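Okay, so chain A shows up in both of these, paired with chain B first and chain C after.
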Partner chain A sequence: MIGNAPGQRSRAAIPVGLLVLVLLPLILMPIAAVFVFALKGGPGEFWRAFTTEDAQFALRFSLLIAFFTAVINAVLGTWAASVLSKYRFRGERPLAIAINLPVAIPTVVVGTSLLLLWGPIGLFGKMLEPLGLQPMFTPAGVLLAHLFVTFPYMLGSVKPLLDELEVTYEEAAYTLGAGKWQTFRYVILPALRGGLFSGTLLTFAHSLGEFGATVMVSGNLRLRTQTAPLYIFAQFEAGHVAEANAVAAVLAALSFVIFFFLLRYSGGAGNAKR
Partner chain B sequence: MAFQGKARPGVSVGIVFAAMANDSDLGARLRGGLILAAGAALLLYALWPWLPVPGRPARPRTVVFYGFSILGEAMNQAVLPEFARQWRQQTGERIEFVTSFAGSGTITNQLIMGVPAQAALLSLELDAERLAKAGVIPAGSWRRLPHGGVVNRTPFVLVVRKGNPLRIHDFADLARPGVRVIHPDPLTSGGANWALLAEYGSAARRFPDRPREAGFQSLLGVWRHVTAQAASARAARTQFENGFGDVLVTYEQDVIKDAAKGTLPGEIVYPPSTVLSEHTLVIVDHNIEPSERPLIDALVAFLWSERAQALFVQNGFRSVDERLNAANPHFGVIRDPFLVGDFGGWQRVKKEIVDGIWKDRVLKEVGR
Partner chain C sequence: MSIRLEQLAKSFGGQPVVKPTSLEVRDGELFVLLGASGSGKSTVLRMVAGLTAPDSGTIRLHERDVTHLPPQERGIGFVFQNYSIFRHMSVGENIEFPLKIRKVPPAERARRREELLDRVGLGGFGNRYAHQLSGGQQQRVALARALVHEPSVLLLDEPFGALDVKIRSQLRRNLREVQQQLGVTAILVTHDQEEGFELADRIGLMERGELLEVGEPEALYARPHTLFGATFLGAGTVLVGRAREGAARIGPLALPIPSEVEHEEDERVRVLVRPEQVEISAAPPERGVRLLGQGTIVERNFLGALRRVRVRMPPIAGTRQAAPAVYGEEGLLIDAVLPAEADMGGPDVWVSLRGWHILAPPQPRLLVCDLPDQGSPAPFPLARALQAPFNAKVSLLAVAGSADGVEPLRAALTERTVAGNLPDAEAVVRRGDPAAEIAAEQRQSLYDFTLFQFPTGGRVEVLMELLESLAAPLLVAQGGPASFRRILICTAVGEPGKADVRVGGWLARRLGAEVTLLHVLPEGAGAAPWVNAHLNAGLATLRALEVPGRSTLRPARTPLQGILAEAAEGGYDLIVLGRHAPQPGERSIRHDVTLQILADSTKSVLIVPPDE
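After this line comes the complex of A and B, so read on.
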C-alpha cells in the first residue's frame, strides 16, 4: 500500500474503478439511500420522526438488550473458551461445533425453537407456567434469543488467543506465588484484551441489528418488546417510510461507529501482545 | 495499522521504538477512556426513561391490546387515547396502552403462544374460533358481547392506479389478461379471507341459479392474476404504494382517508356487490387480574359507545350503528352489500368456500 510506485497506482485505476462500479448498486448505494430518505423531509421532519415515543423506546430497548447481551456473552463466551482450550476430552470437537452452531442456523429457526421450548406448549414453558412465569414475548425472551444468536462471536474472538497463550506463562505466574484470580487478572486477561474488545463489539453490533429471532419471540409490543429493527419493519410495512428511515439511519450510523472502532482498534490491541 | 505492520522491534530502532511505545501507551489509554465514555453515554441514553429522576410521575397502569393490521391508527391515535382521557376524568388514574397490530392470523397465533394481551380485535370470527379451540378464550364468549362481538365493519373494495387505466369496475374485471393483482395472504391475513368471500360472493349473488360455479370462476379469474401476496392487508397496501401491481384488493377503511386527502397513489373502485367485513372483539380472561377487571370492562363497554363508534366512523370504519355512518361523507355507495351471515357464517364459508373451493380447486388450477 505504502510502497506503491506511481506506475502501479495508475494500473490499479481500472480494476479498482471496475470494483467500485460493481459495488456501487450492490452495497454503496443502498447504504446511502437510507440516509438520503431519512433526511428527505428536512432535519425537522427527521427529528420529529426520530423523537416519537415509540421510536425512542425501540432504540433504547435495543441498546439495553445489546448491552446485556454483550456483557453476559462476554463472560459466558470467555468461560466457554477457557474450558474448551484448557481441557482435552472426548467429545470436545462435537461440543465445539455445537457451541458454534448458532451462527449457521437461520435466525428465524432459532426464534421458532425458542418459542417451542419456552412457550406455553414447550418443555420449559410447561414447567414455568404454574409458577406464573412466561419468558416469551417479554424482554427476557428477546434477551434469550440474542444470547443464543450471538454466542459464538465471543468464543471465536477469545479462543484463538487462549490457544496461543502458552501454559508456561500461567505456570510461571503460579510459581511466582500468584493466586488463581491474580493469574487471571494480570496474566491471562491482558493477553485477551483485544479479543474481548472485538468480541464484545461484534456481539453488541449483531444484537443491535438482530431481526429474525427477535420477530418470533418478542410479540412486537410497542413500548414493551419492540426493538429498533422491529420498529423499522413495522413502520415501513404500515407505509410510514419517514418514521422507519429515521431510526434506520441512526441504527446504521451506530453500526458504522462500532465497525470503525472494531477495525481501527481491535487490530492494534490484538497485536499488542507481541 | 500501517504503523503496527512496519514497526518491528529491532536493534537499530530500539530506542525510538521504546519512546513510541510509551507514547502509544498514553494514546491507548486515551482511546480506551474515549471508548468507555462513549459506551457509558450510550448506556445512559438507553437507561434514561427508567432512571428514578425526582419529579417524574409514577408509571401508569398498562392495558395490553392486540389488533389486526389496519386498526393501528384508529386505535392508537383516536379510540384508545379517548378512553384513557375519559378514564382519567372518572377515576383520576393514568393508563397507558401497550399495543401490537399485525395480520389477524399472526395475532391469533401469538395469542395462542401466550402473548399477554388482555383484549384483541380480530378481523375474522374464524380467528376467535381458533382461539377458543386452543383454549385461550371460552367457546363463543365473544357472541355474548354487544352486536355478537362485532365492533365495526368495512366493505371490501378495489384500488386501481390513477385514472383507472385498465377500466376495472368489478371483481370480474380482474380476470382479464395482463391484470396484476396485489392480494394479502389468506394464511396470515384475516382481510384476505374477507377478500376471498367478496370475490366469490359478488359473483354468486349475480348468478343465483348457479352460485357455486359462478363463485369458483370468479375466484379463479382473480387468483390467476395474483402477483404478490403480503402477510397482512396493510403490507399489501404498502406493496401497491411502492408501485407493484395494477389492482389492490383491500378494506375500504385502509384507503379511504388517503383517498379523501388525495395522497393515495390510486383511486377506489366500488364493486357493485361486495362483502362488509365484521371485526370481532375477544377478551382474554386469563391475562386479566381481578383488580384490572373493572378497567377492561369499561374499555369493552366504551368500544360500543356512541363516542367510540363515531371515532371509528371518523377513521373510515363503518359503525355497527347505521345512523352514525352518515357522518363520513367519503363512504362510497355499494349497490348490493352482503354479510358473511348471508353465506351461513364463517365456519361454513371456511369449509365450503375458502377450503373447498379456493384451496382445493382454485389453487390447484393456478398451480400454486
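After this line comes the complex of A and C, so read on.
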C-alpha cells in the first residue's frame, strides 16, 4: 500500500528528503570526510602517510589479530552453539545469557576487568608472574580481549541454524552409515555454512574496529601492540591528521567490503540455501 | 530369521516403556508394529536400529548379535517420520550419501542412484532440493536413500504420519512394491490400523509396552485373543456373558465355545461381534437365526458405500458390555454396518447375529500392595503361592507420599520384587493417598485379585477404606504358611450372593483345595427352606467347577461367632466372605463383621464384592 501508486511517490519526496537531511551530518558526511581528508594532500601524501612503519605495523597487526580472532571464535563459537543447542540442562538460560553478556558490557569495562584479572597485580596475573608470563600489554593480551568481546557474534550466527536442524538429522546420518566425524563433516557443517560465514565476517569486522578493550589491555605500545584504531587515535591526538586519516580510510574501505559481503549473505544466513 | 528380538526391555526414568519383548520377523516379511502413541512401538524400532540402547535383552539381525553395535554397523535402513532429507544436498546427493560413505566409485553410485530414483517414481528429480519437493516426494527420497546401500533390514517409523490420506495410500502401494521387489525384511511402526491391514504380512499389536498379539491381519481381525486386540483393530461390540454347558450365554443366545478356547463353567466369557456380523431387520427374522432381541436405532452415519448404525437394546440380565464403553449407559449398544441403500425401517428393529468370536480368557492379574509404612508390607509368600497355579501376572504396587519419593521408591520396589522371589513382577509406583491409589490402580488395569497384608499395630484405616470401595476380590493375608487346602466360604454374612461361591470355587479349583460352605443359623432355629436351596445351588456350582465341596449348618448366637468357631475348629486356611454394602455406623472394627473376623482370627480372608 505504500510507494507503488504514482501519487504516493511524489508525496514520499518530503519525508525521504528530511530523513536524508538528518542522516547527512550524522552518518554520510563523516564517512565521506574520512576519504576527503585522507586524499586532501594528494595521492603522494596519502601514500607517504600510509607507508610509515607505524601505520603499516598497526594495519598488519590489526588484520592479523582479526584473522586469529575470527578463526578461533569460529571453532569455539560453533562448539558452544552445538553444546547449547544439543543438551537441555538446568541453568541453560542463565548460561546462554552469560555467554552473550560481552555484547552488552561496555568494551572499556571488559578491558578493565581483563586487566584486573590478568594484569601484573591481578588474580591470575600474580600466579603467572613468577613463571615469567605476562599476558597483558602483549599481542596475546590483545587477542584475548578480542576473543572475549567478539565471542557472542559467532554463537548468535550458528546457534539458530543448529536449533533449526531436525533432531533426527544426525540420527539419519548414523543409520546411513556415517560415523560421528563424517556426520559432522558432511551433514552438520554444510548446513551451518551460511551462519559460519556471516559469523566469521562479523567477528572479523568487530575485531578490526575494536577500541575500548584494546586500549586498556594493549598499553598502546607502538610497533608492538598498537592496533589500527589505536594508531588512528594516537596520531590524531598528536595532531597528525593526515597519518590518522590515511589509516582510517583504509580501515573504512575494508569495513565496507566486509559489510557488502555480509549484506549479500544475510539473506541466506538464516537458512542453508546455496 | 531376519530379525530376532529376545526379552528386549527399556525404561526411561524408571518408567518401563518396553516390557521384556520377544519377536521374530521372517526373511522378506513386512512386519507392522501397531499401537497407540506411547505404546513403546517406536522405542522397539529405535532399539533395533541402535539409536536407543536397550536395558536388557538381545537383538539379532540375520543371526548376528548386534545388541551392542552402533547403528552404522548394523546394516539397516531407517526412514523417519519427518523425512530428514539433508537440505544442503540435492536429491541425488542425498541418495548417494550412504554409498559415498562406503567409498563406492562414482560411476556405480550414479547407477544405483538412478535405479532407486526410478523405483520410487522420482526419475529425473535428482537435481532438485528438499524445499522444491512435496512431503510425499521427500518421503520417497528418504525411502530411496534408506535402501540404496542394500541394507538387510528396513525400519520405518510412522513414515506416512505427516502426509494426507490420498498420498498415503499411493505411497503405501509404492513401499509395498519396492519392498517386495528388493526382498528386504521390514518393520514398519504405525498407529494407523488401516495401514497395518493394507501393508502387513503380519501385525504385532503393542499396548503399554507389551506386545499383546502377533498374527496375520485377517486372523487378528477375525480371531483376536485380547480385549485390546478386539477393540483396537476395527470396530465391534464386546459382550460379556457366562459359560454354561460349553456355550456362551448372551441373553437368549447360547453361542458354542470352540474347543480351543479354554473356559470354565460359570466363568465370564467375552464375545466379540463385528459390525458386519450384526443383522438388523424391521420385521422379526425367520426361525433358525440367532436373534439377540429388539432395540432402537440411536445413531446412523453415512459412510459412502456403507451406513453405520448403532442400536440400543434394553439391559439383558447376566450380560454386560465391555466395548464400546459408554459412560452412564445401562442398556447394550450394538454397532452394525449395512449397505448404505439398505432400508432397515423405523427406529425399532430386531437385532440378530450372523457371526461372533469368543475371546480367550484373560491371564489372571494379581495386584500385590506393598505398604510397609502402613504396617502392610507385601505378602510375598502368598503372592508366590498364587502366581504359579494361576499363571498370573503379578504387579507390585507402592504408593509414594510425594513426587520426590517416586524414584527412590521405584528402585526399592524393584529390589523387593527380586528379594521377594517374584522377579517377573512389574513394579508400579503411584503417588497420593494409599487407599485411593490402590482403588485407582485396580480400576485402570482390571486385576482379578488384590493382595493386602493385614496391618500390624491396628493401623486399619487403609484397609477400611479399601473395603468401602471394594470393586474386585480383596485377599487380606495374615498368619502362617501360604498353602490353601481347605477353604471356608461363609454364605451367612451379607446378602446371599453367588459371587463368593463362584470366586471361592474358582480359587479352590486352581489351587486344588476343598471347599466347605457354611451357613450360620440363629441358635434354636431350624434351617429355612431357602437356606438349603441356597446351599444346594452353591454345591452345584462347585460340582460344575469340579471342586470337592460340602455344606455345613452351624447354630450360633451371632453370625460372627459361628464363623469364628467353624474357622477355628475346621482347620481352614482361607475364609471367603461376601461383601455387602457398608451399613451406616459401621466405620469401626467393632461394627464391621469383616474386620472383626480379620482381627479375631489368624486366617487369611478373601472378601468378594457382589456381582455388578
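Observations on the structure shown:
What we mean here is this: the second predicted complex is superposed on the first by the 255 of 274 C-alpha atoms of A that agree within 3 Å, B and C clash if a C-alpha of one lies under 4 Å from a C-alpha of the other, contacts with A are read in each partner's own complex, and residues count from 1 in each chain.
One rule holds in what follows: contacts are C-beta pairs under 8 Å (C-beta built on N, C-alpha and C of every residue); 3 or more make two chains touch, one makes a residue touch a chain.
Computed from a predicted model, the values in this text were never measured in an experiment.
Applying the stated clash criterion after superposition on chain A shows that chain B and chain C can sit side by side. Shared-chain residue A:Gly77: touches no atom of chain B or chain C. Looking at the shared chain after the overlay, A:Pro229 reaches neither chain B nor chain C.
When both complexes are overlaid on chain A, the residue A:Glu171 reaches chain C alone and has no touch with chain B. When the shared chain is aligned, chain B comes close enough to touch A:Gly119, but chain C does not. When the shared chain is aligned, chain C comes close enough to touch A:Pro190, but chain B does not. Contacts of A:Gln182 after superposition on the shared chain: chain C is touched, whereas chain B is not. Put simply, more of the residues of chain A are touched by B, taking chain B and chain C as the two choices.
Taking every C-alpha of chain B against every C-alpha of chain C after the fit on chain A, the minimum distance is 5 Å.
Chain A uses residues 272, 274 to touch chain B in one structure and chain C in the other. Listing the residues of chain A that touch chain C in their complex gives 166, 168-169, 171-179, 182, 186-187, 190-191, 193, 272, 274. Interface residues of chain C, counted against chain A in their complex, comprise 49-51, 70-72, 76-78, 80, 82, 84, 86-89, 97-98, 100-102, 129, 145-146, 149, 155. Of all residues in chain B, only 1-2, 4, 6, 9, 28, 31, 35, 38, 42-43, 45-49, 64, 69, 72, 96, 98-102, 110, 113-116, 232, 234-235, 237-238, 241 touch chain A in the complex they form. The touching residues of chain A, when paired with chain B in their complex, are 1-2, 56-57, 59-61, 63-64, 67, 115, 119-121, 125, 134, 136-138, 219-224, 226, 234, 236-239, 257, 261, 265, 267-269, 271-272, 274.
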